[in-house]
Every structure is written in C-alpha cells, then in structure tokens.
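Following this line, the structures themselves.
Look for chain A in each of the two complexes below; its partner is chain B in the first and chain C in the second.
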Partner chain A sequence: MNAYSAIFYLLAVIITVATALTITSRNLVYAVVYLIISFLGTALLFYLLGAPMLAALEAIIYAGAIMVLFLIIIMLMQIDKQEGVASLFNQCFFVIAVAGTAFSLVLLLLYGNSGSFFPLQAAMATPGQFGAFIFQKYWLAVEVVSFLLLVALVGALYLSRTNSEKSAYGGKR
Partner chain B sequence: MITLLIKLASLLAVVLLLTAYLVLIERKLLGRFQLRYGPNRAGFHGLLQSFADGIKLLLKEDIVPAGADRFIFIYAPAIVAIVPLLLLAVIPFGDTSILMGKEIPMVIANLNVGVLYVLALSSLGVYGVILGGWAANSKYSLLGAIRATAQMISYELALGLSLVPVVMLAHSFSMVDIVNAQARYPFILVQPVAFIIFIISAMAEAKRLPFDLPEAENELMAGFHTEYSGMRFALFFLGEYINMIALGALVAVFFLGGWRGPLLPPVIWLLLKILLVPFLLIWTRATLPRLRYDQLMHFGWKFLVPVALLNIVFSGGIILWMGS
Partner chain C sequence: MIVSYGEILLLAICLFFMGMICVVTRRNLLMILIGVEIMLNAAGIAFVGAALRWHSLDGQAFVLFLMAVAASEVAVGLALIVYAHRHSGTLNGDGYNLMKG
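Showing the complex of A and B:
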C-alpha cells in the first residue's frame, strides 16, 4: 500500500463516519458541522484523484456557501433543539430498505462492469481542460441549468418582496 | 522535503512576528491619527508591547460560559487563526532560485487552482466566526455571528468576481503564473476598478472599521467574541491580523506584481507591498465611521456586485478585441 492509497482509505473512513454522524446527530448544528467535514473530505478525495478544479469548487460551493446558509437558517429559526421527533429505531426499516437497494445497485454496477477491475490511468485535469470540456461538450446542459437558477432567483426575489412593494408594483393602491 | 520544511518554518516565523508588530504598528498609527503617542512604555518606543500583550493574554484565565457548547466553543477560534495561515501557502515570495544545483520554487505550493484555493479558504473562514458566536450561547454573540456571516458571504461574491479579469489577463489560476504575467506592468494599471472592488471587499472580509458591524461595540458589546477570554480571545485577534497580512499578500500578488520590483531583493518588495494594505486598513479605521447595516448590504449587492460584473464584461471584450 503506497502513500496515496493510505490517504485514500483515511479519507474514505473520515467521509463515511462524518456522513453517518450527520444523519444520526440530534443537534442540527452538529449535523451541519459533520456534513462540512464530509464535504471537505470529498474535496480532498477529488484532489487526490487528479481533479483540483472539482476539489476547489466542492469546497467553495458546498462546504463554503451552502452549509453557511444552512447554519444561518438553523440559527435564525431556533430549531437546534429537537423534541418529540420519532426515535431512530422507528425510522430504521425505511432507511435500511432504501439504503440497501442503493447499495446493492452500486455493488451490481461495480462487479457487473468488467472495466472496473483495471486500475485507471493516473490523470490530471487542469482548470483549462475542465472548462473546455464543460463549455464545449455540455454547453447546452450548463446553459439550461443556469437559466433554471436564474428563474429560481427571480422567483425568490418576488416571494421576498414586502406587501407595500407588491402593491406598488401591482398598482392596487 | 527539507527545503519545504525550512520554507514552512521561515514563513510561519516571519508571519507571526509581522502579526505581533502589526498590532503595535496599528496602535502607534492610531495614536498618531488621534494626536496621541500610542504605547511607548514597554521597551524602546514600546517595541516590546506586543510581547507584553501576548504574555498577558496567555496567562489570563480561559473561561467557558456555563451555557456554552463546550466542544465547538473551544475549537472555533482555531479555525479563525488557521484559515489565513493556510492561505499564505500559495503566495510566491520570489523567483525560482537555484541553490546547490537544485531548483527551489519560492512558494510553498504552486497549485494550478491557486485563486480558487484562496476563495475556498476565505469562504471557510466564516465558520470560525459563526460557530464561535453560536456556541457561546449569548444574544450578542449570536447576533454578531449572524451579521458577520451575512456580511462575509455577501462581500465574498464581489471579492471573487473582481478576480475574474485578473485570471483572464494571466490566462491561469496559478498565483506563480499571475505574478509572472505581471513582468511588464502590474495589473493595477489595467484593472483599477477590479483593484478598488477587491480592496473594499477585503476590508469587509477582514471586518475592519467601516464594515465592523459584527463587533459594533455600542450595539453588540464585542459581537461574536463577547464571551471569549484569555488565549482564545487572542486567537480571534491573531486571526484578524494574519488575515490583514494575507489580504495584503493577495493584493500584492493580484494587482501589484507580487515580488517584482527594481533594485531591492524580491522578499523586501513583497513585504513592502503586503504592508501597504494593513496601512490602508488602519488609516480607514481611524478616518471613517461605521456603516448602517442596510447601507452595508445595499452597497455590497446593489453596487459592488453589478460593477464587478460589468468590469468582467468590459475586460473580456477588450481582451478579445486586443487579441484578434
């Protein structure tokens, strides 16, 4: 086992444990902290696999931006104390059913595809190659997704207007 | 491996010493701006003041409030201090030099996604503040933490957008390439708008005075670090001052040509350029009053971000026109 695979297994353990703690933690702030650790671990994993651009984006967008919004919402709504929620044991059946199905599908894919037994060539995607790949090959999908985000942004802006602003625009006054 | 360790140790030593003296420089300059002398008792002209402060803070009792979330409360200040230190790893402090027949790059890590690494770290820096403020279990801390978070994620956007033209000019995310691209002229000459947006956003990121709402004394006591004492309180301050140095280093690399300059050795040039930004931050602290919270948000979202976007479009157009 060389250094890279040692780091890989270390990261894999950290990510799995952090994610497990995320979904079992009763304190929502702790759940978010564990999820941040899991995202940072994933970012390091991307870096290890030769995709520094993806690693940086994972850290900026998921660990840096989305989780901050989660934290703000949890703190503003004062929902860090969970009371009267069903115990983990009651939800156990559905969790095992869904997770078991997903896991067996992954196993099927891993062992069904003969290509998975050959080690991949070491690869390195520079930011330039990454950008060219996304914007030349998948430009349509990128544009559609960004348009969707724009629509969501305009919708959020409309919903968050106060009543006086709405009536001023709607001409009800 | 050994050269890397030497580089790490010397960078850490220089930065921590610089941080200690930055506190003294700030107090001295503030004194001068307010027609006072500033600290001048400890040592010659107050030169040992930082060490006196450091020893005092280390020896103070470290109090964890009864209602606090102990684990997060204890570790949050570390995040604040570590993040700007990590940021300095991608700052090049000289040209590749040859020592005993070996090429030694004068940077700790020449990442090909250096700019994104900087942005990722600056977005992670928020966590120390927000978790520290939340864990203290106090109204003032929580309000300060929420203010700090809203402010930092708002100005991060302008900060990131102001760097896009720099990356377009240098054709690279790597900090070493960005400095090399400024061999003929520093980017401040061709990107003055991006420079001003970056400086203002950096001020807001560092939570310095016109933007220091998270710790507005007359409303929130000390904001997110109200409940901290002793060395953990000092770590928040250490983080703030290292952050000023890190932002100075970023301004030097992105807009002032990094270590490049005539006559003097590269490291001296870099240090001089780095110190320009803390000096500017101290000067504005002594000069400008604090913004109101809605003014802060309007300025960030309705002025800085659109201007940064327009700057990207214009710069892109000009670069394409010049290139063809």
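Showing the complex of A and C:
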C-alpha cells in the first residue's frame, strides 16, 4: 500500500461516514453540513483520480452553491422541527430487501469480472487539456447544457412569483 | 499506482445505495432531494474512475454535464418545494394528496 491508496481509503471512509450521517440525521441543517463534508471529500477524490478541474467545480458548485442554496431554503422556511422518529424505520424491511438484492447483484457483477481489480496508474488531465477536449468533442452538449440552465432559471423564477405579481400580470390565480 | 477500478466502483455503489435509502425512507421533501444529490454524486465518482481506468476524458466530460444537470435540478426542485410549502404548509411527502393545488 503506497501513499495514493492510503489517501484513497482515508477519503473513502470520510465520504462514507459523512454520507451515512447525512441520511440518518434528524436535523436538516446538520444533514446539509455533513453532506458538505462528503462533497469536499469527493472533490479531493476527484483530484486524486486525475481530474483537478472537476475537483474545483465540485467544491465550487456542489459544496458551495447547491448546499448553500439548501441551507438558505431550510432557514427561509422555518421548518417545523422534526419529522417523527418512526418514519425512518416503518419501511425498513422493504428498503433492506430491495437495496440488499440490488447490492448483491452489483457485487456479483463486479467480482464475477476479474478484469476490474488491477491497480490503476495515476494520471492527470490538466484543466487546459480538459477544456480543449470538451469544446472540441462536446461543444453541442455544452450549448445544450447552458440552455438547460437558462430554462431552469426561468422556471425557478416563474415558480417563485408571489400572488400580487400574478394578479399584476393578469394571471388567472 | 493507486487503487483498482473495482474499489472505486465499490465506493460509488455504497454511496448510491445510501442515496437510494435516503430517497425511499425519508418523508421530508428536502431530504428526498438530498438523496438524489447523493446518487448523482456517486454516479460522478464512477464516471471519473472510469475516465482514469480507460485513460479517456469522456468520463470527466460527462461529470461536467452531470454537475450542470444537478444544479438545474436543484434550482427547479427547490422552487417547487417552496411553492408547495407556500400552498399546503407542509414539507411531508404524504401531505400532497390533492390534485387541485
């Protein structure tokens, strides 16, 4: 075991534990903060796997923008404290059955294929290489995605109108 | 020389199933959205590992698109949740049982 694999296992433990704390915590603010830790660990993992551009984007977009958006919404809405202790466990059997079946099938697929367990060579794609690649091969997809972001912006603005604005524009409701 | 692709895939699978469990068991709409985020993130880890495994940048390109889709999904999803909370006063997924908003 060398330094790279030690870092990988450490990051894997951090990400897994933070995500487990996220999905089990009762308080939404705690859940979001644990998820930020998980996403920062994922950003470091991306850097380890040779994607520094994606590591920066993961830290900026996921841990920065999306999670702060969640926090703002949680604090904005004055959510009534908890959702009830029983709700997590009343479907426990079905969840364990479905997730266990799917998980064992995936493990079977993974371990049945002997080619998936040889050590990878460390490699790094610089942001310049990544940008040149993405604008040469996937330029149309970049345009489509930017249009998708525009549509999401307009949709979020439309949904967040208040009633007075609606009547001012002559809306029905 | 770092770990094998199978171990990266194992981590991604664990995270994906955690997100799935979160989506299925939690009642709060915000927690359901967080579970979807966890699943998307797990898919991203699998993509980046595959990009390293086959020395191809296509996997990293798809993670970039995945992040953009996740951002727009969260924006529209949170706007919908705020809208629904304003109209029904609850965040519990079981509380939405009327067709007429």
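Definition applied: the second predicted complex is superposed on the first by the 137 of 173 C-alpha atoms of A that agree within 3 Å, B and C clash if a C-alpha of one lies under 4 Å from a C-alpha of the other, contacts with A are read in each partner's own complex, and residues count from 1 in each chain.
Rule of thumb we're sticking to: a residue touches a chain if its C-beta (ideal position, glycine included) is under 8 Å from a C-beta of that chain, and two chains touch if they have at least 3 such contacts.
These numbers were taken from a predicted model, which means no experiment stands behind them.
Trainee: After the alignment on chain A, I want to confirm one thing: do chain B and chain C clash, or do they fit together?
Mentor: Once both complexes are aligned on chain A, chain B and chain C fit side by side.
Trainee: On chain A, which partner touches more residues: chain B or chain C?
Mentor: On the superposition, C touches more of the residues of chain A.
Trainee: Touching A:Q129, do we find chain B (first), chain C (second), both, or neither?
Mentor: Second partner only.
Trainee: Thinking of the overlay built on chain A, is A:M75 touched by chain B (first), by chain C (second), by both, or by neither?
Mentor: first
Trainee: Per the contact definition in the header, classify A:L140: touching chain B only (first), chain C only (second), both, or neither.
Mentor: neither
Trainee: Just to be sure I read the superposition right, which of the two partners does A:A65 touch: chain B = first, chain C = second, or both, or neither?
Mentor: both
Trainee: Once the shared chain is lined up, is A:L149 touching chain B (first), chain C (second), both, or neither of them?
Mentor: In the superposed model, A:L149 contacts chain C only, not chain B.
Trainee: State whether A:M53 touches chain B only (first), chain C only (second), both chains, or neither.
Mentor: both
Trainee: In whole Å, how close do chain B and chain C get at the C-alpha level once superposed?
Mentor: 14
Trainee: Would you please give the residues of chain A that touch chain B in one complex and also touch chain C in the other complex?
Mentor: On chain A, the residues that contact chain B in one structure and chain C in the other are 53, 57, 65, 69, 76.
Trainee: Taking the complex as given, what residues does chain B use to touch chain A?
Mentor: Result: residues 69, 72, 111-113, 116-117, 119-120, 123-124, 126-127, 130-131, 134, 142, 145-146, 149-150, 153, 173 of chain B touch chain A.
Trainee: For the complex, which residues does chain A have touching chain C?
Mentor: Touch list, chain A to chain C: 2, 4-5, 8-9, 12, 15-16, 19-20, 22-23, 28, 31-32, 35, 38-39, 42, 45-46, 48-51, 53-54, 57-58, 61-62, 65-66, 69-70, 73-74, 76-77, 79, 83-84, 87-89, 91-92, 94-95, 98-99, 102-103, 106-107, 110-111, 116-123, 125, 129-130, 133-134, 137-138, 141, 145-146, 148-149, 151-153, 155-156, 159-160.
Trainee: Please give the residue numbers of chain C that touch chain A in the complex, ascending.
Mentor: That would be residues 1-11, 13-15, 17-22, 24-28, 30-31, 33-35, 37-38, 41, 44-45, 48-49, 51-53, 55, 57-58, 60-61, 63-65, 67-76, 78-83, 85, 91-92 of chain C.
Trainee: Provide the residue numbers of chain A that touch chain B in the complex, in ascending order.
Mentor: 29, 33, 36, 43, 52-53, 55-57, 59-60, 63-65, 68-69, 71-72, 75-76, 126-127
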